[in-house]
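Chains: A, B, C and D, in written order; residue numbering restarts at 1 for each.
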């Protein structure tokens, strides 16, 4: 069986075949399959043998993602939903290239453009403050401001489009 | 509403009335009701205000009991099932006074009496070893051995009657 | 002695202070904003009082409300922790006026050392080396332009009331100067309520070394050796250690004496830190006095055996320092790593959200000062520090390995954190060699991503869990918000009722 | 240096040893019985090998199998931990024959000090004071009766190969002598594979004080001061501290020198402990040499800053002691409390079962050496120790308060533990005053029950949870045994597949 996981905007293919009880053959992408055995699982903590090497992983699910901590690194995976089912908010904000959103919730402290302004790629369009840090939102493209959805002082949510652009 | 909880063989009455959302009036036995408010709960950890005093409690349920840790002390409660529904294994073993059982699983290393023997109250009848510790099982009464259910070297479960006595 | 302390802070430092109070037999009062109704520091305190809306300006920075709360609950002292009002002279003065002990220096001292520009002048007069730069607050752009003409680029924009890197901007050419000053002013205003900024020469690849001092009200001053705080991102420390691998014994002694001199020049009392920059030629310059307990104070505690927060409380209560300089020695080595709710793959962008899973490490030589619990919400309102992990070892190398093992067992899921980044930083060959300087991260860790083998392992785990997942309708541990969502099989027990 | 260590143990001590190995860059191999397939020490090791059925005699005591396993995996050393084979001379000898480094003294030394009767003779000859009693192993009951006629009652039955209180019985009159000897022999046989017992005068209300020593293979011996281990139940320590509140500086120095003399008399190498009884008149008697790392070693580590397990490994590898006596000093105070799966309301009866919930404390000055995790099964096969919590403080009182706070935040649910008992013990006025002696528990803590107000609070919580519990069919965290029982809302994610 093949799964496609999305992590930080990249898609990863994983092929998995159940071997025997609590044992699998798993291959990443077109790589060689590895034998993975589950030794124990308890309260979100899982012990595996991966090709004989003991690996402890922690996993939890929330908000449609699975979060996994292994070897000190943590990852958030989403199962790829297929193109037919449309794109998520995050994909819109990042992928289409003409929407500018804050990657985190915060307060819109500065709005540097208005409707109709021409902007350069990399130009700072707005500043959002969260956790006492200012973060500049820059234009992903050269274009024209088509819409501004918020005013200075507004609270904005993560990935909520603040400015909509049209490419030039 | 009244609950009856059994803990270490004793029964405790608790009266509880819901006050408003996440707030209750609770009385132990015939005591004065106390106002208890729930502040937070997360992953088995609960913060309450009891009569204004902050109390953190941990709780989990398993095997028909609820386990509660508060102020460094832990308790296991069972809801009293009512007399009509018979007595549990533990109650049989302890309450009737004529059954001798090990309070923990272990190995029966020594059997000191046989069927028909007369025994004194407090006399050692058998020795069970668990976790490298010998534990003597003593007679709760003066009586006669009616039955011996295990042989030396057998594994015994917690609260499984090993010797049955008849009072003299 | 103090009887009851109101802790005017939140998170790990509020808990740290409360623990010290408990050990001294002092009652504690927590305050909390509406966003912190479920925060961990409420569970530790003897009582907890709400003090306002989530924005800090309406709660943790609300001087009037905090002072009134202290009076109402009968607290005879306020401990401000770090950040928020810790170095606010108006707050300290208000406490003085109301007869409440402020656990820190006097308002007059705070005013002096808090004004970086004034402090630079005082130190210069006392014969302490300072970094070349402005000794007055810049007004119009011309003031700044003029300063750069003698200093040369790069320069650093600094907030006069600054601290923790807030309001700081490095400027490498004339073109960026104006924007940098404007941004610095906005951040300074938001963080400290004052937009004064000035310029200093920017020293390339310096070491950031600070000395911990304790000063009582009777003129006794001791230092507790240094902390090497060069590893920073966004001008904020993220890894600190002591002893510094850079200092020779002779230099350490000399800087310690200068630190004590600086403290005396400022008329400083209570626990404080004298920060220095050490340049490539081992020249050192006074940077500022941090008039608070520092985030990184545990590494000093672990190597000297002195409890700094308890000392703060004793000094504030008017006691004489029981420690003399000759009582203080360093034993072994300690390293602290700060765990932030930040995404190190996105330039340390704050990452608020819910902690869906938490497993903290333990074991020999590890100390965890934590402000989080499983299921808690990390809100976007405050500094994104979650916890600190500190390792002590007989040698730097043993401490480093312990810290890495600790981080590898510090499972926080649901939000991005600095854990994985810190492991790779601590394993970097330059860190292993003790080659720490303030641009270590931008130079060595740029474009950091988790290593491929960890990603592969995580993908395999994800695939296994996906392939075995039957339908199950709710989230365990993560989103349980009321008792009955967590107690399984309860009805077996309850059915008899 | 050693490259790979097989740790012939389980639980917290196996993990402790593995952590020391990791810090020294040594690979680790865990062994486990069938009962321990899911034990925590497997998660820490680089590889894990099953070695037999649950009874220790078929697994952790199976010398042949353990040695063959070590050879097969290429381990050049075996660390035995404490208990099991730690002080077994046959095991050490087998390692010597097979060319495997045994992390401990030589088999010859183990044979000498392990035979308590022979050790008493050796020490007597070296001029070290010993407790009056038999200097030979008793055979028939007459041997013992004869000994009691000169010693007088009460006497102590002790296993010649004993340790940890196993096989020990106090006898207060002639009538109980025979049964006590038989029981002592059975326990000794089961614990040590040898039923030899002897009698010693029973000293009333003694202090149990031991000195930690390190001895290399070049004749260098140092001591690392004492541990006060008087608080015991069933002849087994449960609370230990250092420095001892009972010793004067002069007595401490004198006992330390005697401890080193004893170690030299025994030709002892590696880490070891010389145990003394201190009577009411401050007279001290050699009790025995413990030829292993002790359960309570962390309190010495926290006050001296020396990592004893790393020292064990370095000495075993043939290195010279880098520490001299004058390098060793005590800083502050440390207290350890042992958390056992035992029911303190039922005379410390072992309480095996599943740990349904676990929340371990953390914070300044606390160290947790733990062998458990949420959901793990505590089986009835082995010693019921779960974990140790150790508090360091600048003073005894600060350490004591920290330890109590730590215990109050150490939530273990599902089995009975000593946590609540330990809190009340540490709060007992006699403990606060430092009045510790070996019958402290029977004298001060008899019939212990949790305090009524804790019970009341727990009952209120139980009632609230009962009253709010709707139907919910399964147990969270507790009984989850496979991934899909724990990942909620997984199908939301999986539905796209």
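Just so we're on the same page, contacts are C-beta pairs under 8 Å (C-beta built on N, C-alpha and C of every residue); 3 or more make two chains touch, one makes a residue touch a chain.
Keep in mind the model is a prediction, meaning the values are calculated, not measured.
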Quiz item: If you take the mean of the Cα atoms for each chain, which one ends up farthest from chain C?
Solution: B
Quiz item: If you tally the C-beta contacts for B-D and for A-D, which one comes out higher?
Solution: B-D
Quiz prompt | Where chain C and chain D are represented by their mean Cα positions, the distance between them in whole Å | solution = 39
Quiz item: chain B to chain D: how many Å between their CA centres?
Solution: 29
Self-check item: Averaged-CA centre spacing for the pair chain D and chain A, given as whole angstrom
Solution: 49
Quiz item: Could you state the distance in Å from the CA-based centre of chain A to that of chain B?
Solution: 51
Exercise. Scan chain B for residues touching two or more other chains and write them down.
Key: 1, 3, 38, 43-46, 59-62, 66, 79
Quiz item: Multi-chain contacts in chain C: which residues touch at least two other chains?
Solution: 464-466, 475-480, 482-483, 486-490, 493-494, 497
Practice problem: Would you tell me which residues of chain A are touching chain D in their complex? | Solution: 1, 3, 22, 38-47, 52, 54, 56, 59-62, 64-66, 78-82, 85
Quiz prompt | chain B-facing residues of chain C, complex | solution = 37-38, 42-43, 45-48, 373-376, 477, 480-483, 486-490, 492-494, 496-497
Quiz item: Which chain C residues qualify as touching chain A in the complex?
Solution: 166, 183, 186-187, 190-191, 234, 341, 345-346, 349-352, 354, 356-357, 359, 380-384, 404, 407-408, 410-414, 416-417, 419-420, 423, 450-451, 453-467, 475-479
Self-check item: chain D contact footprint on chain B (complex, rising order)
Solution: 1, 3, 5, 7-8, 12, 14-16, 18, 24, 26, 28, 34, 36, 38, 43-46, 48, 50, 55, 57-62, 66-75, 77, 79, 103-106, 109-110, 127, 129-135
Quiz item: Given the complex with chain D, which residues does chain C contribute to the contact?
Solution: 15-16, 19-20, 22-23, 298, 301, 305-307, 310, 331-332, 360, 362-370, 393-394, 398, 401-402, 405, 464-466, 468-480, 482-491, 493-494, 497
